[in-house]
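Shared chain: chain A. Partners: chain B in the first complex, chain C in the second.
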Partner chain A sequence: MRRILTYIRVEAKLAFISKSTYRAATILSALTNTFLMIIYIYLWKAICASSDGALGGYDLNEMILYILIVKLLKPLYPFGVSQLYGGRVKNGDIANYLLKPVRMEWQLLGNAIGKGCYDLLTNGGPALILSLLFVSSWPRVTASTFFLLFAYVISAYAFVFVFELCIGVISYYTSNLWGVNKLKRSVMSFFAGELLPLTLYPQALLKILRILPFASVYLVPSNIFMGISSEFTLVSFIIVWLFTFVLLTFYGMFSHKITKNIMVYGG
Partner chain B sequence: MAEGKRPMRPIKLRRGWDIFKAYFSVSFKELEIYDKDFIFGVVAMIIEYIVGILSIFFIFDYIDLLNGWSLSEMLFLYGLNLIGYSLWSSFFINTITLPYYIQRGEFDRLLLRPIAPIIQVMLDGFNDDSWGELLTGLIVFAISWITLDISPLYLLILPIIFLSSCLIYAATSILLSTVSFFTVAKADVANLTMEIKEFAQYPISIYPKVLQFIFTFILPIACVSFIPSAVLFGKLSPWYLPLILIGSLLFFGIAVYIWNKGVKHYGSTGT
Partner chain C sequence: MESVISLDQVSKTYKVKQQIDKPFWQRLLSTKTYRSVEAVKNISFQVEAGESVGLIGNNGAGKSTLIKMMTGILYPNSGDIKVLGRNPFDERTKNNQEIGVVFGQRTQLKWDLSPIESFKLLKTIYTIDDATYAQNMGFFVDLFDMKNFISQPVRTLSLGQRMKCEIAAAFLHNPSLVFLDEPSIGLDVFSKEAISDFLIEMKRGKITIILTTHDLEEIERVCDRALVIDEGQLILEDRVDHLLQLYNREKNITFTLKNREAVKIKTPQAFDISYAEYRIEVHKVPGEDIQLVTNQVMQENQIVDMSISGFNLTQIIKKYLEDRQDA
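Right, the complex of A and B next:
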């Protein structure tokens, strides 16, 4: 276990350094993200101004907080894992990783953590500055809120990582992941509430979302931070871990079977 | 015409067409190799746009008008924006991958060929399933056109509007990708073209004056769908339409000029 943790740490560090090598790109990314966040804030300000009351239970201040939290969490989650996995299958590099004494999944996790930390910095700074400018009142964040938030974000992270592995393993079958990734992004952004808070969705759809783990990705952490009690909160913790274990089992079985039959041509 | 001399333009056009066909054929063959992924891509595209339209419906469950724009007008904006975007996506999307060419040293290879690098980058990858996006956009656009009872006379100028929208997206992507000549790595700025698509589907008048200025004169996404729609709804003078065409051609010309300047600045990564 200690060996794996060291490996993850080294991979994370490598990914972080690799991403931060290009300083000009880092600065431009931060500026671009700031610009995008500002536009989103004004878009929602206009939508809130056009409505008579709160939108899906959120007032303008909470809506801005929701947008900033989503913009902060999105780059933190390991959404690029499937693309990296699929790329290795496509160009044959997967053979090198399968030969290594440490499982490729740990390498992918380390890489995702490193990239996530870097992206958190480039998004976190702008989000913090904008929150000081646009958020009129702050929720009361206690130690227990922080602990709960941490637990939920870790759970969602585990779910997204395993979900990404399952998508990545499909590349053995499709050889290319462009279309699959597009499908994943569409499903995730809609069901997780990346575009709109899930509470704006019709009741019939919310009933389905209650038994799916996607609400834990953005909605539940945002609600915990803002101190909004949600019907999703308690159940979602169980559901997200249940789905994580089911997907992990599927991934384990499928990847084990497929790597037994993999044929790598020289190059 | 002196003997031995041939008219230049037909040769250039024919050569351009042959190059386009060759690249398109390679792209299509790649599609055939990854046929299963293509099916996933088409399904994803359908879901993506259903989700986009649903989001507008969900928002309009809570509001009647967004800054004076009704649901039908919003759908019209959405459709028009999607048509311009999908035309760009079909032919120009590969320009946003310029950072990868630079980082991997592949751009050096393009410079050695007797075709302009910008053309090669554009033709190196087509977004084959964008035709589905175009179809979705056309359906939404047509339904909202009928709902809003817009004069059929305006149908005559639609190709100009579509061309302008596509050129604005193309110029934006070329301009933003040029940044990679200076930063080498992929800055998120290259993906901004895909992000701004989300904002171009809303009335630009909802944003503050500074953003309205940026979206009209710096990154003119207001000309993609907002201004043409406002003209068709009678909210703006029809004289804005020729201005949009001139503006989009000018913007495209500036983007290509800056790209060429970027190529001169380019130093190989030595990869």
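Right, the complex of A and C next:
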């Protein structure tokens, strides 16, 4: 286990350094995200100004906080894993990763952590500046809030990682993940509430979303940070781990079966 | 001697999707059709510890598929494979600790980072201790003269420099078995020579080497044994020195003359002789008749130069394949 942890750490460090070699791309990405955050903030300002009161249980200040938290969490989560996995299957580079004495999944995890940390840092600065400009009142954040937030983000991270592995392994069948990835992004964006809080969805849909793990990706961590907790917070923790284990079992069985029939493209 | 690799009646069949030559909308509606390709057919052989074996064959002969089955990436449809005493597919992770692999057309180095960063990562992956790592790195850097480019990002390296790093990476953890799938593809003569020299040096350390390349001179230099694969079948298996000896019982002798008109010679046997201005070529002369032929030419002509040539491995394999086709 110690060897795997060391490997993940080294892989994460190298992924971080790798990303930092493209400085222009980093600056442009940070600028794009800043503009997007500003657009969302003014959009919600306009919506709140034209409505009578709170939207989906959130006032304007909470809505801005929600946007900023989502924009900080999104690059942290390992959403690129399936694309990386599929790319390696498609161009045959998977062979090199299958020939190491550690499983490729640990490599993907280390890589995702390194990239996530880098993106969190590069997006964190603009988000912090915007929060100082637009957030009028801050929630009371205690050590227990941070601990709870950490536990929930880790849980959501594990779920997203395993979910991404499941999508990635499909590439053994489809060869190209382009379509599957587009669908995944839309599903994740819609069900996890990337653009707007899930509480703004119709009640019938919300009931379904409460038994799915996607709410734990953005909604629950945002609510914990803002001090909005309910009995759903605990339930969502159980749901997210339940789904993670089910998906992990599926991935383990499926990947073992599929690797007996894989083809390695290109000689 | 203990067998490091043992293959018994191994076969592998792929299903390849067929491209349909129809308009886009018809392709969307039509069902996919697949064609079966028998990449490897009932191949059996063994490789002993410390041996270096060259896999020879045309493009698509099944060499790479064979290597991928031996490394446990691909699962055979039938037959039995044992590598280092284990089933390479079921115990791939365990086997990976003891093997090194180079795919000439792929890279295991981190593209945006320097090779040294990738070597450090490999140190962690294979849990190489500090002393072994320092010793091996020192050895590889000297042998491949890597000092000048080891700290450059991989994307800025030339193909030859990158391949030297790839090979060093495969040998870094002191593997007992190394697979090299076309390591010299696209390299200039100097880089090829450097890689061959390196492999010869590594052979002394009793590492088992499996090498596939289209450059048969490299196999002649590095390998003890050659396996020729054609259309998925093992058609020839012999020691390299034996093949060279077998096919070099007869030599070609070329005489460069001082006299413009070559004077025809008389020999007891009917040799295949060609005459040209300032030149006589005598083909397929048995070793014991070389002196006789040389004497005859010298009696009638003034010689300024002569050369005796035999078949190299490239010519031998070509001749073998041609003879096989004719038969």
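Worth pointing out:
By definition in this document, the second predicted complex is superposed on the first by the 263 of 267 C-alpha atoms of A that agree within 3 Å, B and C clash if a C-alpha of one lies under 4 Å from a C-alpha of the other, contacts with A are read in each partner's own complex, and residues count from 1 in each chain.
The rule we apply is simple: a contact is a pair of C-beta atoms (placed from the backbone, for glycine too) under 8 Å apart; a residue touches a chain by one contact, two chains touch by 3 or more.
Worth saying up front: this structure is predicted, and the values here are computed from it rather than measured.
Overlaying the two complexes via chain A leaves chain B and chain C side by side, clear of any clash.
Between chain B and chain C, B contacts the larger number of chain A residues.
Within the superposed three-chain model, A:Thr6 lies in touch with chain C and out of touch with chain B [touch as defined at top].
Applying the stated contact rule after C-alpha superposition, one finds that A:Arg103 touches chain C and leaves chain B untouched. Once chain A of one complex is fitted onto chain A of the other, the partner contacts of A:Thr21 extend to both chain B and chain C. When the two structures are aligned on the shared chain, A:Phe250 is found in touch with neither chain B nor chain C.
Touch criterion met: A:Lys260 reaches chain C, while chain B stays clear of it. Of the two partner chains placed around the shared chain by superposition, chain B is the only one that A:Ser186 touches, whereas chain C remains out of contact. Of the two partner chains placed by the overlay, neither chain B nor chain C lies in contact with A:Trp241. Of the two partner chains placed by the overlay, only chain B lies in contact with A:Thr174; chain C stays clear of it. Within the superposed three-chain model, A:Leu200 lies in touch with chain B and out of touch with chain C [touch as defined at top]. In this overlay, which is a superposition and not a single complex, chain B and chain C have their closest Cα atoms 5 Å apart. Common to the chain B and chain C contact sets on chain A are residues 21-22.
Those residues of chain A that touch chain C in the shared complex are 3, 6-7, 10-11, 14, 17-18, 21-22, 92-93, 95-96, 98-103, 259-264, 266-267. The residues of chain C lying in touch with chain A in their complex are 14, 64, 68, 71-75, 89, 92-94, 96-97, 99, 101, 103, 105-108, 110-113, 117, 120-121, 124-127, 153, 181-182.
Residues 33-34, 36-45, 47-48, 51, 54-55, 58-59, 61-67, 129, 179, 182-189, 192, 195, 199, 202, 206-208, 211 of chain B touch chain A in their complex. Those residues of chain A whose C-beta lies close enough to touch chain B in the complex are 21-22, 24-26, 28-29, 31-33, 35-36, 38-39, 42-43, 46-47, 50-51, 55-56, 122, 173-180, 182-187, 189-190, 195-196, 200-202.
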